[in-house]
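First the structure, in the form of structure tokens, and then the observations on it.
Letters A, B, C, D, E and F mark the chains in the order given here, with residues in each chain numbered from 1 onward.
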Amino acid sequence: MRNTMKQFLPLAGAASALMLAAGPALAQEASPEVPANSVYIFNTLLFLIGGFLVMFMAAGFAMLEAGLVRTKNVAMQCTKNMALFSIAAIMFYLVGYNLMYPGEGWIIGDVIGALGAKSIDEVGGGDVAAGYSAGSDFFFQLMFCATTASIVSGTLAERIKLWPFLIFTVILTGFIYPIEASWEWGTGWLDDLGFADFAGSTLVHSAGGWAALAGAIILGPRLGKYKDGRVNPIPGSNLPLATLGTFILWLGWFGFNGGSQLAMGSIGDVTDVSRIFVNTNVAAAAGALVALALTQVLYGKVDLTMVLNGALAGLVSITAEPLAPTQFLAIIIGGVGGALVVFAVPMLDKFKIDDVVGAIPVHLVAGIWGTIAVVLSNSDATLMAQLTGIVAIGAFVFVVSLVVWSVLKSTMGIRVSQEEEMLGLDSAELGMEAYPEFGKGSQFV
Amino acid sequence: MKLVIAVIKPFKLEEVREALTGIGVQGLMVSEVKGYGRQSGHTEIYRGAEYVVNFVPKIKIEIVAVDDQVDRIVETIASTARTGKIGDGKIFVVNVEAAVRVRTDERNEDAL
Amino acid sequence: MRNTMKQFLPLAGAASALMLAAGPALAQEASPEVPANSVYIFNTLLFLIGGFLVMFMAAGFAMLEAGLVRTKNVAMQCTKNMALFSIAAIMFYLVGYNLMYPGEGWIIGDVIGALGAKSIDEVGGGDVAAGYSAGSDFFFQLMFCATTASIVSGTLAERIKLWPFLIFTVILTGFIYPIEASWEWGTGWLDDLGFADFAGSTLVHSAGGWAALAGAIILGPRLGKYKDGRVNPIPGSNLPLATLGTFILWLGWFGFNGGSQLAMGSIGDVTDVSRIFVNTNVAAAAGALVALALTQVLYGKVDLTMVLNGALAGLVSITAEPLAPTQFLAIIIGGVGGALVVFAVPMLDKFKIDDVVGAIPVHLVAGIWGTIAVVLSNSDATLMAQLTGIVAIGAFVFVVSLVVWSVLKSTMGIRVSQEEEMLGLDSAELGMEAYPEFGKGSQFV
Amino acid sequence: MRNTMKQFLPLAGAASALMLAAGPALAQEASPEVPANSVYIFNTLLFLIGGFLVMFMAAGFAMLEAGLVRTKNVAMQCTKNMALFSIAAIMFYLVGYNLMYPGEGWIIGDVIGALGAKSIDEVGGGDVAAGYSAGSDFFFQLMFCATTASIVSGTLAERIKLWPFLIFTVILTGFIYPIEASWEWGTGWLDDLGFADFAGSTLVHSAGGWAALAGAIILGPRLGKYKDGRVNPIPGSNLPLATLGTFILWLGWFGFNGGSQLAMGSIGDVTDVSRIFVNTNVAAAAGALVALALTQVLYGKVDLTMVLNGALAGLVSITAEPLAPTQFLAIIIGGVGGALVVFAVPMLDKFKIDDVVGAIPVHLVAGIWGTIAVVLSNSDATLMAQLTGIVAIGAFVFVVSLVVWSVLKSTMGIRVSQEEEMLGLDSAELGMEAYPEFGKGSQFV
Amino acid sequence: MKLVIAVIKPFKLEEVREALTGIGVQGLMVSEVKGYGRQSGHTEIYRGAEYVVNFVPKIKIEIVAVDDQVDRIVETIASTARTGKIGDGKIFVVNVEAAVRVRTDERNEDAL
Amino acid sequence: MKLVIAVIKPFKLEEVREALTGIGVQGLMVSEVKGYGRQSGHTEIYRGAEYVVNFVPKIKIEIVAVDDQVDRIVETIASTARTGKIGDGKIFVVNVEAAVRVRTDERNEDAL
């Protein structure tokens, strides 16, 4: 299946072939093919640009989360985001990549990939027949792994200890994500089954959401969040930072979805990348506007944090199939994502699952929706295959995460003490404060 | 000497300060407080959850003045800060036993 | 006229042709032309890169404005910026694009374009003869529409109601901007006349400025801004955010101006894009430094907010013609822009026009200057044509905006109540606060 | 030596030639060379993308520094960062570029380059034989000059007067940096000697560090930093801004190192760029994680500011040779950089050298380490040549900076008065405040 | 009337406010302060340098109440804010000579 | 017992705290205030418009002490906070009727 194999790419791009097949008239008037060397450069460049855009999403998550936690936990949230991205970089190199893309070397066929650190092209090397440089592909794929970990940190903020969180990140980025992602993008069993997830609504976003959900359940809600049967809102400390984070994520998503075309060395491919950019953008817009309108209608006032979540939910929703929909359909898909968030946030609260930044509604709920919505535009996708993928990956990630969180809990403990939580993780675990000054007058030292 | 403590609505500060300057008050301190009183109790919704806003931002003004100015100060603040709506604030008067101007070491009424 | 038609682009790029004409010796030693397929990819890529850079300007405006309003209005400013960008994305798709680029389908020839939603290339499609993918062009052009709306939100901050503002944005992005922009970039009557506005000093920046000016007049100044004949400065709440916003805008401007070359599939085109980057950068630098020096000389102290405005004014000034000037001339053009801002800001105050972030000096005043300055380097431009364009677009946008604002005012009202304004829009209209914590000690909940 | 000549690039890229030589089998199966015109476009595009990424590093430095100074100096730090970038843009154009890249026109052979403003390709011009457009090269190289100046501003924050700082910046960006950089990248005497510094660990980072060190010595520490033999920490005012700044710098570094490949018009080159991205990323990750682990072990608590510095130190360390190392070696190199920072920060304090943001440990110390580490992977590099370069450039920059700072001190004075320092530079020199509101309740005015 | 000034640990504010509401207190002011006391003195490390944290964040509550309510208020605050750990805070009582409700100009006990 | 209220220049805080510790003061509260007094009145320019800066940042220190320590505390603050320049601040003394240490329920002088 095209586009489900998020790595393999025959010379000159699957898409050009498709174009030839699909539009003979068009293909005829095309001048001779783009030379293979140029194709290689274009494809590699797509990975590099896509990669640095997605890398910047790490900053987006950091700012979003720093803005949505209380002041007393802001420095810790920054620390976790720096650390998790760094851990992902190293773990994906050491084990993740080859687990995810074993080629022919599966340990357990189509289920568990290969072990071993990833090696890339030599200096001055590169094989034109590969269609792109191995390093650019690694760079790009790594960023998806890091994104999965970023999702978890937001949900569990303000109460989880630093070190167990980092250990979970090691396991998530080194094993959990690569294994489930191999089933599809590594051409494992889900790919064989016809499951379609273009850029990772399920593989990345729902997966991150499931890991976060397992953590939230084991960890419990923040002190005071639910008391006497009431939900006690805990407002985020810095909404412009959260807004900035959302804009950065929106920007990065062009790399996330656009780069997942995996090729731009042909007219068909680069045209598809453009289509993806357009759909990605408008889905985010629709998600934001639906959340804006819905909160106005439901609560009588617009809720900025929901608008931000709505934009992100629009983005997550379109991620499973950002190419096939028309712009109109993309608006619908993104808009539904925005609506889902508005309803899912209070619903989670009903279950006393405390998700500090709304990562579960945004990434898990909208991720499931987006994966189902693939069938609306992609005729190769079947509802059955989509549901199988959603359930299989959900079950795997959720159960393994539950186990890991439980083991961490019963060994080193995952939650700070009540007193530390009240004091704030910044003082308790870092011994420093995000905004240490005593108001602006702190001209004393 | 008395310490006049006034809690008012924040946007009234500038007007009150001007009125006080007008009647000869030469010094005061301002700080931010959160007030709890009859005014509180409206509900807001944040991310789908209702909650009661208990504390309302207020400005606290503190002025130390000689005894015979106190009434005028209290009246001036009261009339300037009044909007007639709930939450306009309070004024309290406390006795002060001594005062010092740090710069000159002047004492008591000279220090004000 | 080349470069005034901000969309049409014959196969392989007008610029290559120009290059062939202009430099035969050079052209001879050039190896055979870049293959048409590659040209298509390069051009499309320019739009995509340019587009995401300009998209990020939305974050720049959001941060600039969030930094320059008072704390009590910061969350609202973030909300407006998220919403206006989203509205622009949807309106430009639904009506804007075809109004702006009717091709042969003008409703009123060269004045009012076509109606109907924009459709882009099919999946795997793309016509090599078009020179770039339709989606990439749409994506890029959309961002200019959104920028126009961003300009308005800053001026009217801290007192305008959310919903009337959003309705105005719908009209601005769906109709006002597309119509006036069609006159030039849609090859309408101003283009026929020889008006030159490479990347939109007038079409985007002044237009946004005029819409903002009309709004500011109808809306009136903030409470307390002008009292007893004195101007009462209302300092912005977060200058590092405003600085960040300015840097982001500066970055995005490389996409704004560089992408407006519309092609990079030939040596001539990509060389021109480089030249545009260089001129854009140095004009911003000059604007910032002139504002820095002038505020030192005039006021005895440097004013950071003026330096930020100065950099932006430099950018706006060079936008009408970022290609033709030498670097030296770009410094002059940008520097004059920076100076204009320093004088225009207090002048607006004289007229009691309250522009919260300085958008009118930056975008309208420097935009006019930049459009006139085209004649300094572009020999195809005439002062007459430039003035005609400035006046025509100014009159159209200003009058229509005045009418729309007036209608909104007399129907739903556009201004919050005095009490709400004093309380702040965040509490009054959103029921939330940008920085809700009571200083850093708010470890209570 | 390839890669040391950071400008000259024969038609179609040295690297392609290298590839042909190095991998005949591979080269044979390659389709015909990328056409020269396409190569030109690719190379130019690399400079443009690299350039705008590095430009954004100016925002990164601004945010990092705004976050690490006290509230009372934040607006000034923003002002300095805006101004220094602007000054660099103009000075590098007026004198810097030709001093750095004199071609054949050295004033003093291989030591002092040529005088005169830089001119770039005409409109529609560009010479295919040059391999890239002159403007793109200028744009890219300029950003390195600006980076050097950004390094200085952080160290000297919170006590230096604005104007002497700006004058120093004029000299640094117009003369000091271009001259020392010409020795290597302008193919001066250090290049002849075999010194290797791929993207500027020494030429940019150490150079900036030396200039900062000289300034810190002449300027003295902030009031109250060292008293009664104790070090008195002065916490930064806004750690999420500092985190954002670090992420922006990390992003920009892909342009910094990747763009320094100077070519991507061949399979070999673009593959190398990919390899550079990968190594750059993982070195940063290693630097961050080592600093995280080390502060935990040494102090019992993780220090976020050290983690940020650690990531940057990892980046600086890999900058001298981001291509040759394997990913594993890149981890070592970056990790050592992170460790060096953790030890260098308190060491500087021992010498009572007050470096507000840790720029000297990050840029000078890790820069020296990175330059030496070249010999670990680049067989063309010799320890002798590396040390010669480190010492020569260090001595030159340090001594000249010392002289300039001393002259500035004895003429106009470089330090604000005690009272101004206590009051904060924002009030004293700008007459404005970064966060002027009296907490969030400041609904008055 | 008396002014009750209580300095407590920040996270106890909400509990104390609820307890006070429970005994009929209808108004109060809250502000942030930094406390120095026995609790201070722990050392932290910042960028490799040790330093002593002298000031600890605290919340100051101020309530003006009629004389016969004062004891109850003091007891309520004391028992609610108590954790038994160092740094729980202090309560002070100061005499108030006059009070005004700005909105209505009511005086003294009527003003509370 | 007395409550000593001192308003000082912010950068003097650390010095004053050390001096007070030196004479045996074991506890105090610090808060940020904006002061209005003789010192105010300098003009600034923001975006081309002049305005008068009315409020100056100050630090307020509050100490409750036994009666016979009060004079020493006042003298210590006054001499340490003095720079001789306008705006050095004021010190006021107010009577305190009761004190409680929350942690132990100790009362009055034992509570300090």
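Just so we're on the same page, contacts are C-beta pairs under 8 Å (C-beta built on N, C-alpha and C of every residue); 3 or more make two chains touch, one makes a residue touch a chain.
All values derive from a computational prediction rather than experimental measurement.
Peer 1: Along touching chains only, what is the step distance from chain B to chain E?
Peer 2: So the least number of steps between the two chains is 1.
Peer 1: Go through B-C and A-D and name the pair with more C-beta contacts between its chains.
Peer 2: Answer by contact count: A-D.
Peer 1: Need the CA-centroid distance for the pair chain E / chain F, whole Å please.
Peer 2: 18
Peer 1: In whole angstrom, what separates the CA-based centres of chain C and chain E?
Peer 2: Averaging C-alpha atoms per chain gives centres 52 Å apart.
Peer 1: If a residue has to touch 2 or more other chains to count, which residues of chain E qualify?
Peer 2: If we look for residues of chain E contacting two or more partner chains, we find 11, 14, 30-32, 34, 44-46, 55, 58, 94-95.
Peer 1: Could you pull out the residues of chain C that touch at least 2 other chains?
Peer 2: Residues 35, 38, 45, 49, 224, 232, 235, 238, 244, 299, 301, 303, 305, 422-423, 431-433, 435-440, 442-443, 445 of chain C each touch two or more of the other chains.
Peer 1: In their shared complex, at which residues does chain B touch chain A?
Peer 2: 44-51
Peer 1: Chain F touches which residues of chain D in the complex?
Peer 2: These residues of chain D touch chain F: 224, 422-423, 431-432, 438.
Peer 1: Mind pulling up the chain D residues that touch chain C in the complex?
Peer 2: Per the stated touch rule, the residues are 35-38, 40-41, 44-45, 47-49, 51-52, 55-56, 58-59, 62-63, 66-67, 74-75, 78-79, 81-83, 85-87, 89-90, 93, 117-121, 123-129, 133-136, 138-139, 142, 162, 238, 241, 244, 429-437, 439-440, 442-443, 445.
Peer 1: Of all residues in chain E, which touch chain A in the complex?
Peer 2: It is residues 11, 14, 34, 44-46, 55 of chain E that touch chain A.
Peer 1: Would you mind writing out the residues of chain B in touch with chain E in their complex?
Peer 2: Interface residues on the chain B side: 2, 5-8, 31-38, 54-55, 58, 60, 74, 77-78, 81-95.
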